[in-house]
Structures are given as C-alpha cells and as structure tokens.
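Structure first, commentary second.
Should a chain be cited, it is by its letter among A, B, C, D, E and F, assigned in written order, with residues numbered from 1 in that chain.
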Amino acid sequence: MASYSVLLFRLTGRYLFSPSSTLFAVFLCGFPCKNPKNVTGDDFFFSGLDIPGNTSNTLGSSIIIVDVKVILGLNLLGISLERIDFAPGGVNPPHIHPRATEILLVLEGTLLVGFITSNNKLIVKVLVKGDVFVFPKGLIHFQINISVSVAIAITALNSEKPGSIVIGDSIFGSHLPIPVDVLTKAFNVDADIIEKIQSKF
Amino acid sequence: MASYSVLLFRLTGRYLFSPSSTLFAVFLCGFPCKNPKNVTGDDFFFSGLDIPGNTSNTLGSSIIIVDVKVILGLNLLGISLERIDFAPGGVNPPHIHPRATEILLVLEGTLLVGFITSNNKLIVKVLVKGDVFVFPKGLIHFQINISVSVAIAITALNSEKPGSIVIGDSIFGSHLPIPVDVLTKAFNVDADIIEKIQSKF
Amino acid sequence: MASYSVLLFRLTGRYLFSPSSTLFAVFLCGFPCKNPKNVTGDDFFFSGLDIPGNTSNTLGSSIIIVDVKVILGLNLLGISLERIDFAPGGVNPPHIHPRATEILLVLEGTLLVGFITSNNKLIVKVLVKGDVFVFPKGLIHFQINISVSVAIAITALNSEKPGSIVIGDSIFGSHLPIPVDVLTKAFNVDADIIEKIQSKF
Amino acid sequence: MASYSVLLFRLTGRYLFSPSSTLFAVFLCGFPCKNPKNVTGDDFFFSGLDIPGNTSNTLGSSIIIVDVKVILGLNLLGISLERIDFAPGGVNPPHIHPRATEILLVLEGTLLVGFITSNNKLIVKVLVKGDVFVFPKGLIHFQINISVSVAIAITALNSEKPGSIVIGDSIFGSHLPIPVDVLTKAFNVDADIIEKIQSKF
Amino acid sequence: MASYSVLLFRLTGRYLFSPSSTLFAVFLCGFPCKNPKNVTGDDFFFSGLDIPGNTSNTLGSSIIIVDVKVILGLNLLGISLERIDFAPGGVNPPHIHPRATEILLVLEGTLLVGFITSNNKLIVKVLVKGDVFVFPKGLIHFQINISVSVAIAITALNSEKPGSIVIGDSIFGSHLPIPVDVLTKAFNVDADIIEKIQSKF
Amino acid sequence: MASYSVLLFRLTGRYLFSPSSTLFAVFLCGFPCKNPKNVTGDDFFFSGLDIPGNTSNTLGSSIIIVDVKVILGLNLLGISLERIDFAPGGVNPPHIHPRATEILLVLEGTLLVGFITSNNKLIVKVLVKGDVFVFPKGLIHFQINISVSVAIAITALNSEKPGSIVIGDSIFGSHLPIPVDVLTKAFNVDADIIEKIQSKF
C-alpha cells in the first residue's frame, strides 16, 4: 500500500526500524499513520475480492479479510470487509469477533447461519441470495452451506481489526494446550475424548 | 420485523403510544429495544438486496439502505449496509455521512470514486469488479459510473444510522431556502445563478 | 435496593409496568435510573461477599456476581465484582466476557489460570494468596484449583453488566442445539462424539 | 508554546525528526505529548483573541482558531475556541465540522445564523449581542452579518481539532477538481455554470 | 424552550408525568429528546449572556450557566457555555468539573487563574483581556480577580452537563456533614478549626 | 515486568531512549505496548497483595496500587486494583478519582464510608466484612476505620490509571501554594487559619 518515504527510520508493519539494521526497535500500540498531505487513492484501495478463495480444506470454506493490515488507510476508521466462500457443506466454524458486530450479505447460494445469545439460546435463519443477517458483537456465531452448490457471502465488521477467536482452535488447538483437567470438567467427558479432539488440531 | 406484544402501550417507530389513542406521547432519544428473551432470527434479518433499484431518475442511481429502521436488531450495534445501482453515467452525488466511515465493494461495472480531504485535495480512483475503496467519516465523497453498462456496489457503514447530507439538496434544496446573500458570497457568483440552481431542486 | 415510589407506573427490573396490570408494557434498552435527589447509601451497597458459595456441583466451583442487577447504583458506572469459590480440583471453565476485562486477586489457595490470545497462544500462571492476574477483554480464559484445599478469588470487571459466554454451555448446551454438521466439521470428530458431549449439557 | 528539550530527536509539529537532518522520519497519528512534570502555565495559554481579524476579503469575514496546534496543552482534551469577525454583510459560508458540535456567542452586532437538518430543513435564527446558538455536529451551517455594523462572535467546539469542510471550497475548489460530469448531475445544471463557479475558486 | 405537544403524558424536566396527576412517574436516565421534525431555532437558542451577573455575595463572583437544562437542543451534543463575573477581588473558588475540560476567555479585566496537577503542582497564569486558558478535566482549578476593576470571562466546557464540585461546599458544607474525625485527620488540624469552617457554610 | 528486547532504542517508563545516552528523547502520550507474540504470563501478573501496608503515619492508613505502572499488561484495558489498610481510627482522606468509578470490598474490620453528590449531599454507610460499596466517578469520597481493630479493603477502579486528587494535599499542600486570598474567600475564614493548615502539609 502506502510507501513511507522515511529516511532515518522505517515503519514496517507495526515496528519502528533503523535503516542500518533489520532488528526491531519499538513496537507501536496501534497501526502507523501517514501524513494526510501525502495520501493517494492507493492508500484506501484493495483489489481482487471478486476472486473465489480456495475451499479445498477440511472445513470447506475460505475467508479473505480486508482489514487495516491490507488497506492502511482504514487505520482508526473502524470498519473492514470479508469475502467468505463455501464449498457444498462447507462450514465457517463457531467463532467470536471480540471487537466487532458483523453484518452478512449472501451473494450466491444457501446458508444456514446462527448465533448463541448470552442467555444460551440459539438464533438461526436460512439465508438465500440477497438476504442480510446480523451477528452481534462478542457472541459465538457460525455459517454452514446447506446446499449442493457453492455459496459466497460478503461480511462487514465495525472495526478495522475485528479479531477472530475460533472456538475449536482456541479450546483444543492452542500453542501450549489447555490442561486436560480443565477441559474434562468443562465439557464433562473423559480425558480420552478431549485428547482425541486435541489430536485433530 | 420484531412484533412488540405491548398491551398497555405500543412502540411505533420511535414513539411511545397509548392504546386508546394514536396521538403521540413520548419521543424516544434512540431506537426501541426488545427483551433479549423474545428475540428471533427475524429481528436480525432483511431480504431482497439482490433486487436492482430503480435508476430511472435524473441522477441515474438508486440507494437501498439496510439500517436500524429496517433491521431493528441493529440497534446500538453500529453497522449498516447499502446497495447502490448506477445506470450508465449515473451519479451518487457529493454527500457526507456525519456518523460513519464507508467501505465500498464493486459487484459489477466500472466506477470513478473520490473524496475531498480536509486539506481540500481530491483523492480519486477508478474501480472495477472486486475492487474495494474507503471513504473516511465526515468527508465529502461521490461515485460515478463511467462505463456504458450498469454498475452495482455494496457499501458498509459503521453506524446503524449513519445519516447522509447530500450537498446539493442541503445547499440549494432545503425546506426554507438558505438566503441568497449567503450563497452568492459562498460561491462567488451572481444571484441569478444561485436562483437558477435552487429552482432545480 | 432502591425503592421506586412510582404512583402511575412502576419500574420492575427493566420493564415499565402499569399499576392496573402485571402485563409488561415497554422494555428498557438499559437499566432504570433513580432521581439523584432520592438516592441513599443502600442504592450503592451489597452485603454478604464473605459467605462462601456452594461448590457441590460438577464443576466444583461457584460464582457470586455483584453487578447492576444487584446494586442498581452501578448503572452506567462501568464496574462490577465477583467472588469465586473453588473446591479442590474445582474449575471455572473456559469463558469470555464480551464487555469487560477482568482482574483477579487470590484470597486463599492455589489456582492455575490462563487465557488464549488471538494468536492462539495459551498464557498461563500459577497463583497463590495475594497474587493478581489480568484476563484481557474478549479472550477465552479459565481458572482451576490445583491444590487439595479450597481456593477463593475476588475478581473485578470493567462493566456493570460484563456478560459471560461459557464456551461449553454455548457450543454444546444451547437451547435449540447447534446443528451436528457444524460441530463435526468445527471439531473434526464424528457425530457420535458431538452427541455424547451434547447429552451432558 | 511548550519547548521540547529533546536531545537525540526533535518533535516538530507531528513529525519525529533526527537532529542531524531536517528530513522527516515518522509521522505521529495524533499530536505529541509533554511530560506532565515539565508543564507550565504557558502550555495551556494563548494571547490575543481581543484583536479583530482582517475581514478585507471576498467573504467579509475572518476566523481565528485556538485549537491544539496553537495550545499544545489541549491535546486529548476535546475542546477549542474561535473568534469570528464579520464586516457588514460578511458571511461565514456553509461548512461542516466533522468532529465537533459548535456553540456560538454574539459579542457584538447582529447575525442571521442557520443549519440544515439531515431531513433537509433549514433552522434559522437572528441573533444579537448576548445571544447563544448551537450548531449540531456534522450538519452544514453558516452565519451572515445582516446589519450595517461589524459583528463579533466567539465559538467553542468540542474537539481540540474539529476540522472544517467548507462546502464551496471542497465542491468547486479542490486541488484536482471534481469531474464536471459529477457536478452537472449533482446540481442539475449545464457544464458552463459549473465551470464558471469552479473558475472563481 | 421547546414545547412538547404531549397529550397523554407530559415530560417536565427529567420526569414522565401523567396529565391527571402531578405526582412523578418515571425518572429519565438522561434528558428528553424531541422529534427532529418538530425542532425550531428556539430549541437551540438562549438570550441574555451580555447581562452581568450579580456579584454582591461573599465570593464576589457570579456564574451564569448555559447547559442542557437551559438549551434542550444541547442534549447529547457535549458542549456548554458559562459567563463568569468578578467584582474586584472576587473569587471563583477551587472546584472540579467531573465530566468536562474548560477553556476560558477573558472579555474584561485581569484574572489570576490556576489548576493543581495530579502530581500536586500548582500551574498558574495571570490573564488579561483576550487571553485564553485551559483547565484539564477532573483537576481542581480557580480564578481570582486581582485588579480593582470588574472582570468578565466566558468559559466553554465539553459536556452539556459538566457538573461542578465546589471543594469548600462539598468538604465543609454538605447536607449531613462529613464526620469531624475524617476532616481533622485529612487536614491535620484540631476539631475546633474544622467546626469553625463548617459553621461558615 | 515485561523486558523489552530493543537493540537500537530502549523504552523506559514512558520515554523512548537512545542506547548511547540516558538523556530522554521522546515522551509517550500513553504507556508503551509489547508485541503480542512476545507476551508471557508475567506481563499480566503481580504478587504480594496479601501483605499489609504500613499504617504508621498521621492518617493511619496505607494504599497499595496495582495499576498499569505495576502490571504493564493492563495498558489500554481499563481496570486496576488497590489494597487499603487502616489502623484503628485510620482515615483514607477525601479524594477524587478523575478517571474512574471505585467499588470497595471489606475483607476485615468496620469502615464508615461516604461520598458527596453533586447536589452536595453526603451519602454514608457503615460497612463490615463482606460488604461492598460503590463510589461514583468524579465525586469526593472517604473511608474511616471506626473500630478498635485494623481494617482491610480491596478496591477496583475502572481505569488502568485512575489518578487520585487528595483534596487536602491539593488545596493546602501543592508545590507552589494556592494564593491565600483565594482560600480565605473559598473557605470564608481568616488568613491565619489557612496558613496554619498549609503549614501542616
């Protein structure tokens, strides 16, 4: 994106570098800014969201994220986009965006979507082309393609860096696993079932 | 949308009504809420964004807004969607969203888009299918279809009620016109030109 | 707590009632307020956090919550407290507070505590009496009593209504279950394992 | 204002400079801070708002802005002041503050003031000495001196950097002009009128 | 200000009344709103800030507040104004605005103004006509007229209801006094001095 | 806490240092961040809140603060803890937290606690072990041990840097004293009483 004509230091990602070294110096709390006088249309632009993602994976789905890492001009502006592709039967598994509400538009296909309220009630809806659905901030939600054709959705999130906590990955697949004793009590099953699920991640 | 089973009062839009009268009683500062225990999928749902809007008008464009008035479940959640259709040459004229940044995705066609920075510099970009562009909060922006085919865009805004100040309508077409003396000085032209433009709104 | 001397209407919880009926009328978006001129010390007070909770349950833990439902004077003030008791081996299972960061102080015993970052890394620490630990907003976290004695913790959360999404309950125990197809793909296991876990909730 | 005794780097405006070069290095997202231990009264002070501005210009008005650029101690504090002078007939032309509501006090003279609501309705009022008026955030507003004497107003805005989008300058006078096709459709007039107005900026 | 054409209920101040009774019903958390379609210029207007306040009191000062109680259109807009008059030697005694930063402009006279930082350091400045000074949110501050003429200041605060905690009134003059034991320890003096000061309030 | 492996610069407290010099370079507006990939449990940890503070001072009280200076991982997370010890008769004198509401839990002993509303009304309550009380943001409050035994309280505040304005210290003990003329008028007493109190600080 934006090229930062910095002579004495360089900003790369969220680090402040020295030109004579590639060792990091200072980590920024947020994302870097650019002098408004130097911005161009390219600082607010991304290309290629018409290209399908690759759904040849165990989930049968793919997510392309257009957030502040991709369009630096989104910094501090509080919005981002995603394209989600689903193979037939493909799933975007239960996850939470800790910093954003999500609104989804179906471009192609048929999705069953849902979220679980803080009263532990499942809210579901079957969506077809042209349908819109809202997943409130901080709640677990998912989508599944329930037809035999591919499905495509566009989602918008009201943060330039919404984050995503995928429940399966976090609970069973973290780097350093959660102690088995915690999970057997949490899910009320024997250790061998927990270890079996952990082995898949 | 959500049906409010209110026996003694009724909420209609943003008013609190009495059942024995249709005269308004109290105007709500924001939008009404619904008991989370009673929400269903329909409270978070809208259908029909795959249907083209009617662009047979002087601007050659059409906007369908999916905000909190349309999906009541968006209340307090800070996001909304729009579909914009453009006839060949169609224009979404210069406007401001006072409460939201906008991110736009081109679904079909070719658009020239732009915004004016607070340093009074025009930032422009030509967009084709699959391209994404950002219009920062509070800045004047526009889109024009520069091809001979129709164009379709989806936009997301980070407010459930982003508002829209269309510059032409506000400046030249307000109910009770702005005094001509203000506009002749503001635009540095004679009164007859101001009055000619006002007559078109 | 606060008594609302309302003659024509009554506020009960978050509903506006009519005196001649117990049928609800209007649901409030937030919590009710009280005229500052009428507040007393009792509006800001709660008693009994020195009394242990009952940990005779499958998790071996108990949570007493002091939030805006308990102290109405907390309304709009953005803070709440909890007391958590742990039997030996007791677990506060993986959960998320969508609206609050949590800070925990160990009053008695030994806890292993942890959270999973959005980079999917487990951060853990063993805590003893007098130790303090922070669980950042929106991340999955847990505590387990790893000693043979009881443990007691006090936690503070920076919301008067922090909410709590218990992962096990939401994923496997929601009212209306999440479709099995979603969960088998999400956790990469056979349907019988999913159904076995669901049967425990 | 505040002098920053920086030995190895220097902060100048919003850039982090190297002492051995005047070429910019890193652009700050916001404004610089100063160690609270080193602040003095001068960091919170500005002098000269009793001196009339020069209204010998086509608009017949002048604005002196006291924002964070002028008083660095305003950084992060969310308020600023302006003095506006009007020659007889002078105009502060239609503009928007994207980040602030404005409250205006007339010190001398007679002003006609107004703003346009998002429902496109003009709200106007004639003000004399001692009168106060509010211009809500994000709405187009203006003032005109309708008497034969000078007028003076003090305004306060609830941002230390409120910004100002002057409609005429943005629409007709941007660096790189807005394409004429956009403006002819937006204002429903012929290209020669648009070009005539553009030529004045 | 705004007249509320409410037939079945009436809003008076922050209460929702019944027309058949003057007994209060429901207390609003914030201030009431008005349908934007019905607002007029009078909803955003106040008159009379050119009239000096009465400084014939022990402090020798007077404050006229233009906040949301006076201009209902300020509701939710986050700004207010004050006029402060000072007799020679008059004092605006040490106080805190819990919800606002204050910016002050001297219209007439000579003031010594100051605030105390959270590091307990006094920041002072002598101001004359045309000078501007900032009092950061939440810090104790004061003004004193150090000349033999009257002084006039205009202040703006970035809240429509900034609040004001006058230290002397709160500490020594509250309804139900603070226990003497607290104050003797807090100020390290004998009870008779505390009681002497309390007797003045 | 966190060690910052910075080769070319060092972050110490809130300064950005050069390795070849201990002279300060740039003062950070907030607190430094750390790359999330490098955080460990120690970044979110503090030990020792079970150890009583030293109450051998004129107030008979002691406060241990666990804020962002102590746990750097609290940065931007909006919460902190305190332990307060009281000797018999000990006082935590009247003070204000400009950036936080406080919730207090009594672990041992008997406290009389109170705050003064912005209507200048004292709200008080006697608390014993297990009692909880709320002190709203920006209001003057205090605690006193009214028993013959020690008392211990844990408080939580909804800011990682809540600040504390101790009224006595600010009014009578600031570095550079508040002019006596201001205080004699503010407290309506003779200069010798003011000077006597000032001499104690």
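Following the convention adopted for this analysis, a contact is a pair of C-beta atoms (placed from the backbone, for glycine too) under 8 Å apart; a residue touches a chain by one contact, two chains touch by 3 or more.
What you see is a predicted model, and the numbers here were worked out from it, not measured in a lab.
The chains in contact with subunit B and with subunit D alike are A, E.
At the interface between subunit A and subunit D, two copies of one sequence, fewer than half of the residue numbers in use are shared by both copies.
By number of C-beta pairs in contact, D-E leads when D-E and B-C are compared.
Least-squares overlay of CA atoms from subunit A onto subunit F yields a rotation of 120° to the nearest 5.
Set against the C-alpha centre of subunit D, every other chain centre is closer than that of C. Note on chain placement: the centre of subunit C and the centre of subunit E lie 39 Å apart, centres being C-alpha means.
Centre-to-centre separation between subunit B and subunit F, using Cα means, comes to 47 Å.
In terms of their C-alpha centroids, the spacing between subunit A and subunit B amounts to 27 Å. Counting partner chains per residue, subunit B has residues 16, 114, 118, 121, 124, 137 touching two or more of them. If you draw each protein chain as a dot and join the dots that touch, the picture is not a line, a loop, a star, or fully joined; it has some other shape. In this structure, the chains touch in the following pairs: A-B, A-C, A-D, A-F, B-C, B-D, B-E, C-E, C-F, D-E, D-F, E-F.
Residue ranges of subunit C in contact with subunit F, taken from their complex: 36-37, 39-42, 44-51, 66, 71, 73-74, 77-81, 101-103, 105, 107, 114, 117-119, 121, 123-125, 127, 129-137, 154, 156-158.
Residue ranges on subunit F touching subunit D, taken from their complex, read 14, 16, 18, 21, 23-29. Contact residues on subunit B toward subunit D in their complex (touch as defined above): 58-60, 89, 91, 93-94, 96, 98-99, 112, 114, 116, 118, 120-122, 124, 137-140, 142, 144, 163-165, 167-179, 181-183, 185-189, 193, 196-197, 200-201. On subunit F, the positions that touch subunit A within their shared complex are 6-9, 11, 16, 30, 32-35, 75-76.
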